[in-house]
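The structure follows.
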């Protein structure tokens, strides 16, 4: 029953490197070996490509070149933005606001600052995963150094009202950072319109390799350096510049921004088809996250009575690569903090599946996928003592049996 | 007079990416797109390559795989080692020891810790640039959190007595880190023999691209995380792994370690030839750094009466890419802190030239280089008001006129 | 691969899945909150485990260890089955990733829980065996 | 490129390098410690700069601005030469990198220093010109 060619449905974890990007990186590795800080010909040639790449990235989010700083990952961008802002006010402003559903790059950064004495407010989210601007306004204190709320969530795909959140911060004169790692490549990003002070990007979510990111820092915003050392990136981010990846990042962002709306529409349509089919086929299934404010390529389900890792392993065996918020895939005992934060009970959160699609998906593959998924879920339920209890009427299910999906939509729109 | 093919003599700044490394990186970009943290086939395939690469890097410095952590640069490795050790003891051990001639990745890291209240001791060096183990022993205090002394200097190529320095620290139970960024690829590194607790590497100094590094952390040594986020690198360095560069780093270190001694001997011989010819041809020239304890590929000169940037520009015009410790190339008013620390007066430090050679150098090119260099130095001296003063006997030169080189060697050996 | 071929075999083709209608005893450990539950039914005749069936809610290694543990105790005396350790189960599977070792504990525990309940229904736990059941308290997973 | 073509031209082929044996006045600014010194010799006839020569210890832009500045003042009256600004020199070179702007200051200063010394040797600095020499104190480079 295993299909021959594999189907990659984990684009939120990482994307394959785009063929044109590979070519660009390879040719830069071959032809641009000069250190951009060197004043001789080879160095200046590299420097020019560096600045050209910076301008391309800048213009793709409506920023200026001097507001773009290249980093080595989304993680570094998040660390820098938050630690840089917080440490600038060390001893003075010792309060940080974030949300409960941020990526670990933000949450663990906050935790490490907490060890230095910072006080962290983790804003709750509603059942769709949305942060309320009112709650943010209420949480801001005179000693708040920075607010960091992600633009779109990596697990459930929920899109935050960044413009409103940023405007709350601007009004209260508090720095606002957004982790746009999942948004970039899927949503248009216009930093003037958004009104954010800082914004994190990571290349491997849109066709560049893993290991290259950027931080937008609005001109005039001063934060501490995170990577101390040489004078690269106008003295703000040290380390010899990774020119091949920087050029590749610029190429990838150009490609992904080129027909963004067309791609997004296509993804949304395929994604909805997938959701519809899964929900109509498999009972006791829940769609996690908002239906309306959702990344085009993201679907996230919970299947009651089963556990996510075994689901992933069986899907893998059938040729499908997906991800889960199961505790077992992360090596902890608790399942995804995101799923718990939107109110799922532990047992439901354990049985989650994230499907993050690319534009190469087709209705045919969706059908194959749903057939496999149904078989696997049935098989795992047959093995599950929780399902046995339910069948024997010893327990009532948490997720209603049928038409759950339609009821869910009705409620939302 | 410009030669047609360019001669790259700035291998200490960065090296071209080795052709085999480019191929490796390109094929990994093509074939390994799975996220190593993912449990499905694509992810596990990436994970295997990741661990294989780690083992290769480990064995090349006589370490174990679990002691190697991949980073995005030498700068990140230095930041992590020092901040990680210091912040672990925040509020308890607030003293750090380093030397005056470290790379900015170390010095600026220490400065940023000083702003958090740490006390920094900058050990002086002798005229060759060597740190004395006795001075280190005397500087260690009960509240010393970490000592960081580089293995080899990036400007003057001086090699430190790391084994002795590390043993002082071990005796006093203080963590010892060494920045081996310049050493790797030129000197054998055996971390058991050296006895260091942490050691920084950067790929672009030995044929990998810019943007990949590693930190060796001896097993049992606990330091704080620097890059907070996901659970990569056994929960110690967050960020999706840059697999193409990691595999390239492993390939490059393998290649560069393969015939290390043969290459080092060849470089030493060429380097000595270069030094001899330069010193015998151009009067009022000084060799900076130790003659004996020196990286095989490094030569560093000061030419009295002239300034380094103009020298570099003219050399560039003639087809030679070199570097300088001139203030003008760094954008500050002070010339290289390294040259000042070994006791050079400002005016001599401004007129410095670093030539860092590769194995493709030949006696013929050395001869061409020395001819060009002599012409340029003469031309710049003719333009220099300082030289005019000297010629008119208004001043005496700081660097003696002739046979300076031979006297220098006699003194040393 | 994350798991050995043997783990994958026992995960994809688990032995002894199901229930025993006339089970002599049954044991359930773990809880849904932590993401793994294992229930084992034993059919015991003359102190010999003549059949064992399991149901498991859990990850790949939880299912594989359940399968392997039941295989290992069928045909064994209660004393022998009580000697089953999580280490032995993991070894029989050619090892488990370190992070997954707690799943093999579940297999050991559920077998012990079933035997304990068998003793309790049949004259009580023999004095010399009481300490063997300590493991049921050792893990936060226990129900 | 770091520098414009014009800077590179004036750097590689500097005009007016040298000394004037019978200079009417001479000015030196900067110091070796900071990495740049510029000395300019002027030949002045009837308040007109008929010749100018320089020597410079310094970076590419220091040499290029020296060359350009001497070009710009030859044939000019002292009053006109006193109007030479570092901005004008930089512009005549099609601009300098921001970090190098201080080098162009050196050119302005050395011309002013030479003219100042000329005035001092020839009846003193005219009262209405005194403030023009303030720039000689402005920069930490001045000797």
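The first chain written gets the first letter, and so on, giving A, B, C and D; residue counts start at 1 in each chain.
By our rule, a residue touches a chain if its C-beta (ideal position, glycine included) is under 8 Å from a C-beta of that chain, and two chains touch if they have at least 3 such contacts.
Since we're looking at a predicted model, the values are computed, not measured.
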Legend entry - Touching both subunit A and subunit C (chains): B
Legend entry - Between subunit A and subunit D, centroid-to-centroid distance (C-alpha), Å: 57
Legend entry - Where subunit B and subunit D are represented by their mean Cα positions, the distance between them in whole Å: 39
Inset, instruction - Would you mind pulling out the distance in Å between where the CA atoms of subunit A average out and where those of subunit B do? - result: 37
Legend entry - In subunit A, residues with contacts to at least two other chains: 39, 309, 313, 329, 331
Inset, instruction - Could you tell me which residues belong to subunit D and also touch two or more other chains? - result: none
Inset, instruction - Counting only chain pairs that touch, give me the topology of the graph as line, ring, star, complete or other. - result: other
Legend entry - Which pairs of chains touch, using the document's own definition: A-B, A-C, A-D, B-C, B-D
Inset, instruction - State the interface residues of subunit D toward subunit B in the complex, per the touch definition above. - result: 3, 8, 11-12, 14, 17, 19, 28, 32-39, 55-60, 62-63, 99-100
Inset, instruction - Can you check the complex and tell me which residues of subunit B touch subunit A? - result: 6, 8, 10, 13-17, 22, 25-26, 29-30, 33-35, 37-43, 72-76, 78-79, 87, 90, 103-106, 108-109, 111-112, 115-116, 202, 204, 209-212, 224-231, 238-245, 309, 312-313, 315-316, 320-323, 329-331
Inset, instruction - Over in the complex, which subunit B residues touch subunit D? Could you list them? - result: 305-310, 313-314, 317, 326-329, 331, 333, 335, 345-347, 350, 382-386, 388
Legend entry - Of subunit D, residues touching subunit A in the complex: 1-2
Legend entry - subunit C-touching residues of subunit B, taken from the complex the two chains share: 39, 44, 47
